[in-house]
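See below for the structure under consideration.
Order of writing sets the labels: A, B, C and D. Residues in every chain begin at 1.
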Amino acid sequence: MTTSRLEAFSDGVFAIAATLLILNVDGAKGSLTAIWPQYAGYAVSFLTIGIIWVNHHTVMAQFDRVDRRFLFLNIVLLMCVAFVPFPTRLIAEHVRGDGLAGPALVYGATMTAMSVTYFALWTYGVRHLLRPDADERTIRGITRSYLPGSAVYLTSTLLAFVSPLASVAGYALIALFYVVESSVFGGRSPASTTSA
Amino acid sequence: MTTSRLEAFSDGVFAIAATLLILNVDGAKGSLTAIWPQYAGYAVSFLTIGIIWVNHHTVMAQFDRVDRRFLFLNIVLLMCVAFVPFPTRLIAEHVRGDGLAGPALVYGATMTAMSVTYFALWTYGVRHLLRPDADERTIRGITRSYLPGSAVYLTSTLLAFVSPLASVAGYALIALFYVVESSVFGGRSPASTTSA
Amino acid sequence: MTTSRLEAFSDGVFAIAATLLILNVDGAKGSLTAIWPQYAGYAVSFLTIGIIWVNHHTVMAQFDRVDRRFLFLNIVLLMCVAFVPFPTRLIAEHVRGDGLAGPALVYGATMTAMSVTYFALWTYGVRHLLRPDADERTIRGITRSYLPGSAVYLTSTLLAFVSPLASVAGYALIALFYVVESSVFGGRSPASTTSA
Amino acid sequence: MTTSRLEAFSDGVFAIAATLLILNVDGAKGSLTAIWPQYAGYAVSFLTIGIIWVNHHTVMAQFDRVDRRFLFLNIVLLMCVAFVPFPTRLIAEHVRGDGLAGPALVYGATMTAMSVTYFALWTYGVRHLLRPDADERTIRGITRSYLPGSAVYLTSTLLAFVSPLASVAGYALIALFYVVESSVFGGRSPASTTSA
């Protein structure tokens, strides 16, 4: 299998998972202004999946082939991505009432698992599947940028035991940070970090 | 990332958002003739997403690369497109009763946000990502054709404060206008305006 | 826009519409054997969309470009295809009780509209977009095979006024006929009729 | 039709069927820990569809064209794959109470039908559509690896008459076995077995 077929399948899952988020927005759950947490959840999770999609391409551009272990790591990654609509709906339903701790934990566990799988995928790929002409500095740059991801999400997840609301705010801030960081600071750089 | 990968992902979101509209058509909400607003909503929103899809390709054909800012503008655009099924269902449910003002406002706000993002995407692309051989007249033509979009949708949205029904009729007319304009008048011209 | 981009978008809608059919199969509506009409509806509509998909490629293989009128005819075709899950669910719900006439009419109207649009798309394409090297005999063969489609679906639709059950049986038979005709008789011929 | 168009359409159905599984995970059905069967069902079925997707590419890589019979066998295969979310939900709902026999049978019947269709597709393709340069040893290897599939699923299905719980455990073990076998033992081999 070529990396481009893997990307096409992954893009399909990214696109569907993001688009399915709209099924969580339900006018029957309150007035059109009262359901603002549903809008916020839609926006944060859509942006988060968008960011993962952008990064997935940056990563894949460093490899020129895939093996079966990589394929299955990628399927586990997609399994985490496709899971996102569920905790998103949970959080939107509970953000103003009781019982936010559980939803915040499930969302955080999903994102942490996703983050860890991503790092495993990247590390495995760098060791076994790197393009001969991959740029060492680019590789180190990506590794550096992925390292904090799991830690940040894990921290935000554990925060749910103390303050679920702070935990949820954390997830929104992480998404916002990545968008701003990517588009404002790294904005004019090429979409793929290959061409450093 | 090449423009063709961006288009493939965007096409996925367009196709899913349009196809999900059928979930809004629900026979349990009345007799098969009484639910005509659901059919109308399905048709108007499907055509609207179809038009956006056609235009997206016309726009992308002018660029030969994308950068990260462009990617995120495009994700915001897709976020608006994937949101369309929600206000479509709201309007279909309220078009014959009370409470149409809210749904009409949400639909219009979605379309206006989409229109503004589209224009931002186009303007940014023209400034930074234009193909060296892009035809100046084609560029000016596209710019001219996009300029009124946001204004027309904003007007139709604000109309909801006076007459929600007129506002909703406006959205249907805009979709109809684009289909007729594109297929009857510009019909025999090539699908991509590149080859002016 | 190239024909291959149009096909990719269309394939997306075909794949999603077919896969969404599973949402109509609902164990809460009766015992696992009592809901057999849901299984039958799933199978018939999945096969029908599969047949349309196969034919769509046969048709597109005759053209080497598309124009805006063709694009919009294609969007209308996809609008019919994506509508199929709705009347499929209606029929499954009413096939053993009263009120089958309405669902049978809606299903038939959808298929007839789809058939007519298909023929319009084909006729328009043959007149304006034909590949220079398209084989005249192949063209005539496709035209001949499409001519009865609308008539057969229209007949089965009108039958609903007399016997809704006979009408529904007709839809199943049409799907079965196409599968058998295509795979048993035309089976070993190349998938695309281009290479006659 | 080329094999790559067939793969693109099939990938679409695989991606959508897997992503739709999340709609089965429903927080309203119990506390976030009580619904663990829903999480397990999601994971097992997502991995199972992922395995089928990986194998589908391995199979398609041996052929360089398709005919109409192959197309329809493939549509039947996809019909089984897209059906998976339904019995998955049934099992998750009944795994801790009464009435697991029916769901276990439906799940098993779906997987057995899928397995048999897969083998028919493969056998037909080997007889009629093989690439001239296909490696005989690879072909025999794939045939050997597919032979037990249907039998194993059929056995697990029939087990439902004796112990539905054992049957369900069987399905999970089969998925686990394929993932471990593929990624741990065959892990470093190329993703496509073509390049044996």
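Quick notes
Keep in mind that, in the parts below, a residue touches a chain if its C-beta (ideal position, glycine included) is under 8 Å from a C-beta of that chain, and two chains touch if they have at least 3 such contacts.
All figures in this text were calculated on a predicted structure; none of them were measured in a lab.
When chain centres are set by their Cα atoms, the one at the greatest distance from chain B is D.
Different-residue interface: chain C and chain D share under half of the residue numbers found at their contact.
Distance between chain A and chain C, defined via averaged C-alpha coordinates, is recorded as 37 Å.
Remark: chain B and chain C have CA centroids separated by 26 Å (rounded to whole angstrom). Annotation for chain A: residues 8, 12, 16, 20, 23 touch two or more other chains. Contact between chains, as defined at the top, is found for A-B, A-D, B-C, C-D. Looking at the complex, you find that chain C touches chain B at residues 1, 5, 8-9, 12-13, 16-17, 20, 23, 65-73, 75, 78-79, 82-83, 85-86, 89-90, 93, 102-103, 105-106, 128. Only residues 7-8, 11-12, 14-16, 18-23, 25, 27, 31-32, 42-43, 46-47, 50, 53-54, 57, 179, 182-184, 186-192 of chain C touch chain D when the two sit together in their complex.
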